[in-house]
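The data blocks that follow each hold one structure.
Both of the next two complexes hold chain A, though its partner changes from chain B to chain C.
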Partner chain A sequence: MNSKTYKYIIAFSILALLIVTGLLLIRNPAETENIPVNKNQSVIEDYRNSGDRYPGNSSQVIKEAGMVPVYGNWRTFTTKDGLPSDKAYTVRIDGDRVLVGTHDGMAVYENEKWKTYTTKDGLAHNGVVSVDVDELTGDVWIATLGGLNRWSGGKFETFNQLNSGMPNDLVYNVFCYGAHIWVATGGGAGHYDTRTRQWEIFTEMNAPMHEPWTYALSAGDGKVWIAAWGGGVIEYNTETSQFRDYVDPDGFMEIDLQPDDGVIHDITTATAYSDSILWVSTYFGMSRYDGKNWKGYFDHDSGLASNFINFIRAEGKVVFVCCDNGLSSTDGTTWVTYKKDDDSENGKAIITYGTEKKEIPLSPSISHNFIIGVDACGDFLWAATSKGVCRGELIK
Partner chain B sequence: MITTSRIRLAHLIIFLLPVFSILSGQEKKTNYGNIPDELVAYDRYQKAYKYHFLEPIKFYGAGREKIPPAGLKEVRIGFLGPLEGSIIVTLGKQMLQGSMLAIEEANKKGGYKGIPFKLMVHNDVGLWGAAANEIVKMDDEGVWAWVGTIDDVNSHVAIRATLKLEIPVINPGDPDPTYTETNIPWVLRNIPDDRQSSYALVKMIYTDKGYKRVAMMRANNRYGRVGTMHFNRSATRIGFPPVIEERFNDLETDFRQQLERIKKINPDAILVWGNAKESGLIVKQIREMGMTQPVFGSDRMVNPEFLETAGKHSEGVVTTCQYNPDADEPKLKAFRANYTKRFGMEPNVFAAHAYDAVNMIIAAIHKVGLNRVLIRDILTDLKTFQGYRGVTGVVIFDGAFNNLRPIYMAKVSNGRFEFSPAPRYEQENVIYKKVNVGY
Partner chain C sequence: MKRYLKLSITAVLILAVVALIYPPYSRWARDHVNKITATTDHPVRCGSCHLYLQKPGFISKLVNAEYHSPFNLAVSEDGRSLYVVAEESNKLLVVDRESRKITHEIGVGVRPHSIVIDRGGKTAYVSNQWSDNVSVVDLASFHVKEALKTGNGPAGIGLSKDEQSLFVVNSFSSDISVIDLKTSSERKRLTAGNNPTGLQSSPDRSMVYITSRRTLSKPFDDTIRCELTILSDGKQRISARKDIISAYMMENIAFTPSGDLALMPVVRPKNNVPTIQIERGWMMTGGIAVIEMKPEGRIAQLLLDEPNAYYADPFDISVTPDGKTAFVSHAGSDCISVVDIDAVREIIAGSTDELLEQYAHHLGISSRFVIKRIPTGANPKGLAISPDGKELYVAEHLDDRIGIVSTETLEMKERIDLGGPRRTTVNRRGRQLLNNAGGTFQNQYSCFTCHPDGHEDGLVYNMASKDMGRNMTNTQSLRNIGDTPPYKWNGKNQTVYKQDGMRFSTVLTRNEPFSYRDLDALTAYIMTGIPNPPNLLYNPAGELTDAQKRGKMIFERTHDFAGFEIPVSNRCVTCHPAPFFTNLQMVGVGTLAASDDSILFDTPHLNNIFASPPYLHDGRAATLEEIWTIYGKTEEHGAVNDLTKIQLNELIEYLKSLRDPDYEDGSNKTLKAAFGNK
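Moving on to the complex of A and B:
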């Protein structure tokens, strides 16, 4: 190699390096990950400055959302409005009133006013993480950080490890199903028969789970689905008392080999059952099971706000998904995701179908993007967030 | 002239290497969890649809704006460990003492702006679910962060509660690989996990020593099951599934029934995975039964109780160890001296990692103040504490906030453990899909 050739190669290499560096700087990372490119379309760019509640062609966009309702005109409630804490864990609509569990007590919204209940009133602990209503009796069941409460006739009755067959005092989820009150705890799942007043507990000793770490459950059509931390989903048949577990078939924590082969991850966070569909959330994405086929959803291949999902609740064909960075809803095909802007009370609803994505500006929007609980009924959608609770109205 | 050309060619190759490296993406370092290329799950047959833990999980919740309550009399840091009613109380007490020493030293330096640190001590009890109640108590006490625990049946329960209550935790004692694979943004671990131990043992046993038929003798609990998981999977993937897996219960003393079965199949080597006492008895009975195979084991054998129990039969036993207790490091020497002076005993692996964990939390509080979210943010930013040097060595957090620092092998020689760097797989062709997470 002579000196001239050497210099040419050096010069060529520097040039190549500069070109490659430039290309790396300007390329879109999403394209390099084989993520479908969305065709974003903002409905009206200057909507933010307009006085209209919704932009001109939003009705067309909402119509395209099909089965998935779109909510707007969001209203936020915080401690300034009467909540005991801005950190809201759960929300449950109970007829004309709304029950909100917060870090510092349970708040009840009725006739446009908030009333707070704490340990002074009989709550087992001020941290209220889940609430459900017994449709047969009207009793309210309250899962707290320190036990389970039944709120009946204005009185609070406490169930804990010392005075009952409760598996653990930290009750992550309560679910009323028929005459049975189901709870999920880190020490196992269990149900209380309100007729016989007996508890039955399921742990690794009598159910197909390696460990009794259960964190949520749902029920329907004679079955209960328990989200077991590290154990996928445990299905319990209430008629035959038989179990069936659903785990990630690939068996590895660090990957999901195939998205549609089963639960996408064994660290499950919640289940929701409605309209013969089982939805399963994880901190890695979400799964849908129709009794025959599984389908997995991730934030890179669907309208899911993020893969870290705190909770889900299904109503009809739609599941509402509480993500750590937005609130999503879907029927499995169309997605409506609500996100708040960082620097204002405004935000947007993002409607995704296939690879197409459209946005409706919302002013105001949800109270915070970290969603912990959700409930929908009639024309209203309530969300419990890291910074207050919020209520959206159905856009018709 | 020829020599000059060769020198120029060499210069050219050296110059072009980074260019090719950039083009091939190989500047993005190692696979998740230091998984050796040949052990990446399914990789020879199918790429995974989704690879987790490549990017650090963020916390998008509120709370960064919160100011601490006025008039604080103490800055509370939580501790969760096996202190009563557990068979690993001795390990828990060491972990507690390491934490106490860090607190005491910080208070001698003035605490936090003149406010003393206080350790809020909680027993993890050992029963399912009870650890969750202790984390609720910590929240009620107003701790800013916590350290613990050792037994994975308790640590897993505790971190679900810490996620709900949003309290940062550094674990100095639980090597269960799945602990940080729960993807919780509040959870870090500064002790290297059993995934690293398994890869080191697989490399040494099968590749370096050339053994093919390995018998496993493991504790019949979660520690034994999950601890050997990656050894089992890795050995199987390279073509040498363990020829037998025998199990034993905690506090069992006679293992001859299981060992008879192992003896019959005459393995090349035996891997023992359990607590120090049981492991010591197993090694003793292996030799008493006339078996001369080399014995390998888990890091819990690095304990005076193991040496005492196994006696002369411990000679030659090889285990992993998450750090080098005999390293010629001034920080470590000072810690050992101060700890021994304060508590009248040598620190173990749990004491040393707890000391580091508490010191990291204290350092984080000094940097960002009394705010749980901000403490979490700075501990997990993969910058501020990346490369942090404690008495146990360096901290190299991965995207799951798990410490990937190189570990050590410990071999019993003349009645004491001698430490040497663990063998590592060469990572010439990193095949895992990667994202630069700062490590």
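Moving on to the complex of A and C:
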């Protein structure tokens, strides 16, 4: 072979190498940031990020769904089954039992039976809107419309704005983070240190929120994210005790002028943090934040059931989204949305991947399209709706 | 002759001078003593005050002494050694049973409380109630290997079944530290009752039972209840919380070896009724709670008292290895009750729920199961039984001895002297009196009963007065009150002499009043001998947090946040100035109840106020917050209505930081020892 031939071979090899490298990079993008080490409560984070609560996925059966699980074989529970009220506000899976907050008390599903607890048993108020479980102690914390309860060893202990440092009795959300119990209330957010029994509360007086109405919060990796009504997301660093806020840079209430420039809207209803991703729900869409980049989702450009989102919960890579017109779930790319037909118990799971859609009929389906609460653990997904709670099983 | 004349004249002159001086001096001395004691017939004895009421210093060192005060103890597996927790000398004493001598004195933390030894007998863990840690003692070298950080006020202590974890009951923060012994760090904290102290594992080690002293917050005249907390050893989570009705001061618990019963000393106060009828047990009774361990098992309470004789302040309980006999130490009556457990089983098995409810009040029931009372030394506290079951060891707390009882003859057979000071100082005598029920009618209760550890029991009482059912009052602490007269909520007693003198015997003890010698001793102890624990939870080092500093500004402010001047009489700092946070004056704060006479209240001191719920004179405020959120709206108890919730919280944080002035100058020995024992 002459030298010209060698030159062509070398050039061709280099080009081939570049193409292969490029393909590899596209398929396996490098990490854009180091996942911060959680110095607080590593046991908690290990548990939360472990596979124990991570929902499985249905990719073996429904390839289109990818890593997003698909649930079927839905079963609905109402007052006929022992629920105290069909208006279910929240649901939380705690090992072998499920805790449901309703309009008329807290219902506990265990050994296929429902048992209800009300103010007669020591609940602060029968309107139970949020429940969380302290992973270390097993204590159940219950947010009600009239105070906060700790339920431990069968006994209720009440915290309210009169007998403690809690900011307000209208407790919308409770979140257990290490030794601290965080609450979002109508009069501010705050946390209770279970070891020193001290409250530290935040309102517009000492935090970057323009009013004290807070709806929900979540935490992870040393930070707490408060969904502040009309105030976007308030981030609190538990190590430095510093705040920062994330507000809609557009400033316009109805238009997402510049896509993906920040949180999608300031009327935030919930935050959820998992796998180093912060999810934010609003009444006007949903946002995803990886620490550097924001991504917004609307019902017209994604598989989101509706822009009006009541609540979200993230488990692993997947976030479950409670909308007023269905239950959605996504890993940011693929969507699985559950909707019930108006005139029957049936419905469907709509899988949206890219521009493609696939519908899987479900019979029965979820109990109602107005979803208020959700929790997923292992093979089960529970949803709290205005017509009872429903439970789906992972389609494998 | 001349010499005798000179001597006689000198003597006469001296006598004349004395005769001239003595009457006015005598009158002055009488007036002086009357004023100091607020009585009219206290003997004129200079030493009563000028020797025995001295603050720590040279004279105090001379007249007082440092005792060991054995509190709890454990026995080695081979029975050869006793490990004695010496509460006052801050030591673990290793005593050789054979020679009855102390072989080692190991310095541990401050106010050690309890001890547990691992199965191999290699390591002992000692909880230090005033250091907030546990000393880990190597029993081979008799040295402290390390100190494990706990919650506030560690008391009862126990090892998990696998001995990988240590459970420590934190009596001041009312929770349980679960400590990982591999990493020597606290893994989690679980809430437990109110002022919990005792801890014991069930015989199969599957469950851990924790007893509490104080009741759960309830309004006055509601039935009191005290929590027995049950923790799962494997899951290390609380599995149940049982309310023991009408009882409190549940210091310890023991199990029968078969595990069918758990036994717990209890005190049953009658605080909801006026204290006018002490006879027939209408002030306090004491007994044991018997818990059936089977599913749906019942909880019965059987009195250890008798119709005309009471056995105050039951403290510890130990069960023989054969499960037939239980021993209960009565710290207030200097004796041990011997309980026939089979007889107890018979009573429980043969009784309906209604009958058991009656037995909880029945003073005669003890005759069916108490087989003997064994006299002991002063203030018997912790008990331990030898591995062969033949000997019962008793920590004679205020005699510095270990009593040894034969479990066969049920007699005290010998004592081990721990080598404390031989003399009983006046202060020590006072402490013995405070802890002994001998001054009350039929020995029903001691000062300690309502003032455990010189503090307060968290209950509201209706003290006897001319009008029944009026003037309910919240028990007050006796800790470091020497500088804050007058006493009682209505300030009627200007001195402790008067507080514990004739009126005390008329109104409370219904017995002969203390002799003046005893009254002097009791007064000396109360005035100088009951310190406050350090406030390690909220203000360990005297450096306030930012929130506490802001709270301090609110506490000391002269103007509200709108800029208006707060009247001097309504500023916090006016009535509550440092160092004791009382101006010693009488004041009204708008908290009189319909059942109260129209009186002013003696401004209470606020040192360690975080440890004294409930609040206000009748205990109506369950928490500090409620003083203002519910009961302070009229602004007569400080100007607070302009405060935001954040500001009120900060004021509360500051109040929680208040501690005894003895710790303020940083030189306090106790605080140094607490920090030094890391």
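The rule is short, and it goes like this: the second predicted complex is superposed on the first by the 335 of 396 C-alpha atoms of A that agree within 3 Å, B and C clash if a C-alpha of one lies under 4 Å from a C-alpha of the other, contacts with A are read in each partner's own complex, and residues count from 1 in each chain.
By our rule, a residue touches a chain if its C-beta (ideal position, glycine included) is under 8 Å from a C-beta of that chain, and two chains touch if they have at least 3 such contacts.
This structure is a prediction, so every number in the text was calculated from the model and none was measured.
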| item | value |
| --- | --- |
| Which superposed partner A:G378 touches (first chain B, second chain C, both, neither) | neither |
| Contacts of A:T196 with chain B and chain C, given as first, second, both or neither | second |
| Superposition-derived comparison: chain B or chain C, residues of chain A touched | B |
| First (chain B), second (chain C), both or neither touched by A:P167 | both |
| Partner chain(s) touched by A:Y215 [first = chain B, second = chain C, both, neither] | first |
| Which superposed partner A:N206 touches (first chain B, second chain C, both, neither) | second |
| Contacts of A:G188 with chain B and chain C, given as first, second, both or neither | both |
| Touched partner set for A:G154, first chain B, second chain C, both or neither | second |
| Chain B versus chain C as contact partner of A:G291, first or second or both or neither | neither |
| Partner chain(s) touched by A:G95 [first = chain B, second = chain C, both, neither] | neither |
| Common ground on chain A, meaning residues reached by chain C in one complex and by chain B in the other | 167-168, 187-188, 203 |
| Chain C-touching residues of chain A, taken from the complex the two chains share | 43, 136-139, 150, 152-155, 157, 161-165, 167-168, 179, 187-188, 194-201, 203, 205-206 |
| Of all residues in chain C, those that touch chain A in their complex | 151, 173, 175, 187-191, 227, 229-230, 235, 237-241, 537-538, 547, 622-623, 625-626, 629-630, 644-646, 648-649, 652-653, 656 |
| Residue numbers on chain A that touch chain B, as the complex places them | 1, 6, 9-10, 13, 16-17, 20-21, 24, 86-87, 89, 125, 127, 129, 145-146, 167-170, 172, 185-188, 203, 210-213, 215, 229-230, 250, 252-259, 264-265, 267, 283-285, 296, 298, 306, 308, 324-325, 368-370, 385-387 |
| Contact footprint of chain A on chain B as seen in their complex | 5, 8-9, 12, 15-16, 19, 22-23, 32-33, 35, 41-42, 46, 48-53, 57-63, 127-133, 136, 139, 153, 156-157, 160-161, 164-165, 177-178, 181-185, 222, 225 |
